[in-house]
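Please find the structures below.
Here chain A shows up in two complexes: once beside chain B, once beside chain C.
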Partner chain A sequence: MGVLDRFDLTGQVAIVTGAGTGLGREFARSLAGAGCDIVGVGRRGEPIEAIGEEIRATGRRFLAAGGTDVTDSAQVNAMVARAIAELGRVDILVNNAGGGGAGRGKTLPELTDEDWHQGIDTNLTSAFYCARAVVSHMVERGGGRIINVSSAWGYRGGRNNFMYPVSKGGILQLTKALAITYAHDNIRATCISPGMFPRAGDPERAAALAQVLPAGRAGLPHEIGPLALFLASPASDYLSGSAVIMDGGVVPAGVTPAGVVPRAEG
Partner chain B sequence: MPPQARYFDLTGKKAMVVGADNPAGGAIARAYAEAGADVALCALTADEAVMRARAVRRDIESLGRKATEYVMDVTLGKNVQVTTRQIAKEMGGLDIVACAPDLFLGKPIERTTDSELARVMQVNFASQYFVVRTAAEEFRRDHRPGRITLVTSVIGERSMIDTTAYAAAHGAVYSLVRAAAHELAGEGIRVNAISLGWMDYMDDRIDESENGKRAKRFPMLRRLGHADDIGGTAVWLASDFGADYIVGEIIAVDGGLLQHQ
Partner chain C sequence: MAHVFSLAGKHALVTGATTPLARALAVALAEAGANVSVTTTRDQRAEEVLANSILNECWAAAGVSGHAKTLDLADPNAVEGAISALERDVAPIDILVNATHEANVKPALEATLEDWRTEVDRNATTVFVACQAAGRRMVARGHGRIINLVSVVHDRAVPNCALFSASQAAVLGLTRTLGIEWGRGDAAVLPRVTVNALGLGFYDGVAGPQGDEQLHAILERYIPLRRLGQPADVQGAVVYLASDATNYVQGELLMVDGAIASHA
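Take a look at the complex of A and B:
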């Protein structure tokens, strides 16, 4: 098989949570571009319908699962059951849903129990619920791929930032647990750890980031999808349990502020 | 061309693979060619190495791509520089460089001699340093956003008895990847690595004894890697569209070896 054929996902079905916005949209686009039908999951209906229209126009099937709260396991289970019933199979799960909003701007003593649970549930519990909901089906089918989404924040600390980095670190461990538990069932679990991918239309933020990143720029939305395709496809068959950081060099660097060089040599 | 190929297409790219006579280097060279690149195949001076590179060339030419074998002594920085310059001139530039040297040494620390240590460091690490330094020079000459991919070993990250010299050399490669990636990132040059676990051609380090069999069963995926497990990762890392924001990453193609207890 030529190497480019290893990236083919024709006939497969992928669930993408948080598919209506941001990186989730890019994951859905890239997987569909390689032949996947998509189950688009999100809290709000409108963004899911919008990405659904786009994907259907390319000739792929799209099952809209807007209005789904992935922090509610009953809703997650129902969504997966519906995906299997209507599309016949689930091959790939991309656990992308999440966000940094919970408790933003509060100091530690100000954070409430609700803030903590919301942050952990949105970013970590949701991934657990979705993985639990698909795994028996994947075992029965003889295989599958679970792609979790962590963050550069899963590796380093940040001031007054608790729930998001804690969850994203937990995602790395969830990935390893899934990978080793289901290795013999031909289920691969891997993880994407994105760095800064600011929303389009925030050029000031992007420019500010460019100063401090080794790559000199923020991530561009269209760059993140091909990574999901790589990890979902036979091209990455011998990888499992690991995370790929796509962040323009932030995590490997950082012993000095950006641009600092050692004392000049004679 | 399949639609998803647009992300990973290497048509029109010029690639140099150092260590194309090794199974990993040969697999990477073939994969680059399958994705559309022309490839320069660099082998060590030994005759059998050149013959193995010649076999890779024939495979690549049967795909309709151009390939030429060269002899390069990777232990000499000057030789790496001179041969690379020649290759770049003859190919009309370089976009992609991969380096896959490998010299294993399984010996307890008290019996590892100074010269064995030096040889292991030279072949496994210094060669990579020379290739990165020279590739950066070539990419800068043409203002190209080049791609450098080094092949290393999971032993550079996690330990195994009797591999102190080899482990140290590959640990140095891990650090080289991060430092060089950081330093070159602002110019658009990317440095990343593929870290290999137990591959089915590694009879230089795993034998057929019960001891060897235990090692072979150990990867999470319960099998040894094949050379052709590497190509997809190599092509993804070399692609314009797919991997320009990957900086200083070491991708473990290891059957999950690094991830379990």
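Take a look at the complex of A and C:
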């Protein structure tokens, strides 16, 4: 079997949270493109239906789980039960749902309990709920893959930026704990750490980012889809616990991405 | 539709291609469609035989073409000459995989300055020399992929591996900085030069502490996936990093280690 044949998910089923928009939509597309059926999870129904229509048109099955709040464990458990009942199995979980909004820019005294819980629950607790809901099924089936989504912020801090980096750092640790705990059950846990991937349709934001990012440009959402395929497929069978960064050099360059170029002497 | 990770039409050079791990890397690149050339680490007859046998396996696996060059990788003139000849006789080098990877296991108090220089030379200087020679051409063309192997020992202390550890940290620092130095380009031009590291845990078929039978048994229990890595385990990762799917992956370390680095 050639190495390219290992990037294949034919006949498998993946749950992708936050599948209706942004990077989640790209993960769903790439997994489906490799033969995987998709359970698309999202708060809003409409974007989920739209990606579902696109994926069904390629011949894959798509179970629409719009209207699901992944910060509510009862809803998560019900969603996973429905996925298993309707598609028969879950091989892959992509914990992509998240958001960066709550409380950013507020000073510590200004942050409310609600800000804190919203940020942590959306980005971190949701991944815990989803992993907990699928793991017994994966153990029974003899294996699986859990792919979490962290961020370049998982490695670095920012002024008046509390919940997002804290939750994304937590995702890195959740990944390691899952990898070590379930390695013997043939479940691999990995993490995708994206840098800046502004939504399409915001050229001003992309242009501003291009000035400060080490690659001279922001990421394009479609660039990151294949990474989920690599991590979900047998091509990465010995890869577990790792966070795989796709950020155009933001984390390696640190806080001196642009303009800080020490001059050669002499 | 072309496979998202296809390397068809590209020319890959694997340096130090005389180990089982390097063989697996070369064969994977060939299977993904690249023409593969290989070099030895030292200018020796035994290495020449191995390099040619790897090239033959690439040819048998995928029918791709390429050349084997016998040279001393630490000699910048020899490397420059070999890369110049390969670009003339085969094609411009799109992908450089530096696969030299040897560990001198010795207590630090017993290591001589000569041991230190040898370790740094064969594991790090060779990588710098090849990156510079191939990278100069890639930067001029505006695209290329460089992938360097880095052991988990760059970040974890293993007794008697001080020299190897230092050499691996050197390769990682080089990798990250080259990525930032060479990766900035015209925002409209997507394929660009990327420089990344493929991180290894403990593998069969690699010289180093894992060669010790007793230690091998301990590692098998300690590695969460309960086995040492096999050369085939790096194949998907090298194809991923070499492919056009990683235009936005720069200066990164992709660990393929059976989750050993996740341990406390």
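In this text, the second predicted complex is superposed on the first by the 260 of 266 C-alpha atoms of A that agree within 3 Å, B and C clash if a C-alpha of one lies under 4 Å from a C-alpha of the other, contacts with A are read in each partner's own complex, and residues count from 1 in each chain.
Just so it is clear, contacts are C-beta pairs under 8 Å (C-beta built on N, C-alpha and C of every residue); 3 or more make two chains touch, one makes a residue touch a chain.
Everything quoted here is computed from the prediction, not taken from an experiment.
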item	value
Fit or clash between chain C and chain B when superposed on chain A	clash
Touched partner set for A:9, first chain B, second chain C, both or neither	first
Touching partner for A:226 - first (chain B), second (chain C), both, neither	both
Chain B versus chain C as contact partner of A:246, first or second or both or neither	both
Touched partner set for A:81, first chain B, second chain C, both or neither	neither
First, second, both or neither for A:214, with chain B first and chain C second	both
Partner chain in contact with A:35 - chain B first, chain C second, else both or neither	first
Footprint overlap on chain A, comparing chain B with chain C	2-4, 6-7, 30, 33, 176, 179-180, 183-184, 195, 214-216, 219-220, 223, 226-227, 229-230, 233-242, 244-249, 251-253
Contacting residues of chain B [partner chain A, same complex]	1-5, 7-9, 30-31, 34-35, 177-178, 181-182, 185-186, 220-222, 225-226, 229-233, 235-236, 239, 241-249, 251-256, 258-260
Chain C partner contacts - residues on chain A that touch it in the complex	2-4, 6-7, 30, 33, 175-176, 179-180, 183-184, 188, 195, 210, 214-217, 219-220, 223-224, 226-227, 229-230, 233-242, 244-249, 251-253, 257
Chain C residues within the chain A interface of the complex	3-6, 28, 31-33, 61-62, 176, 179-180, 183-187, 192, 199, 224-226, 229-230, 233-237, 239-240, 243, 245-252, 254-263
Residue ranges of chain A touching chain B (in the complex, touch as defined)	2-9, 30, 33-35, 176, 179-180, 183-184, 195, 213-216, 219-220, 222-223, 225-227, 229-230, 233-242, 244-249, 251-253
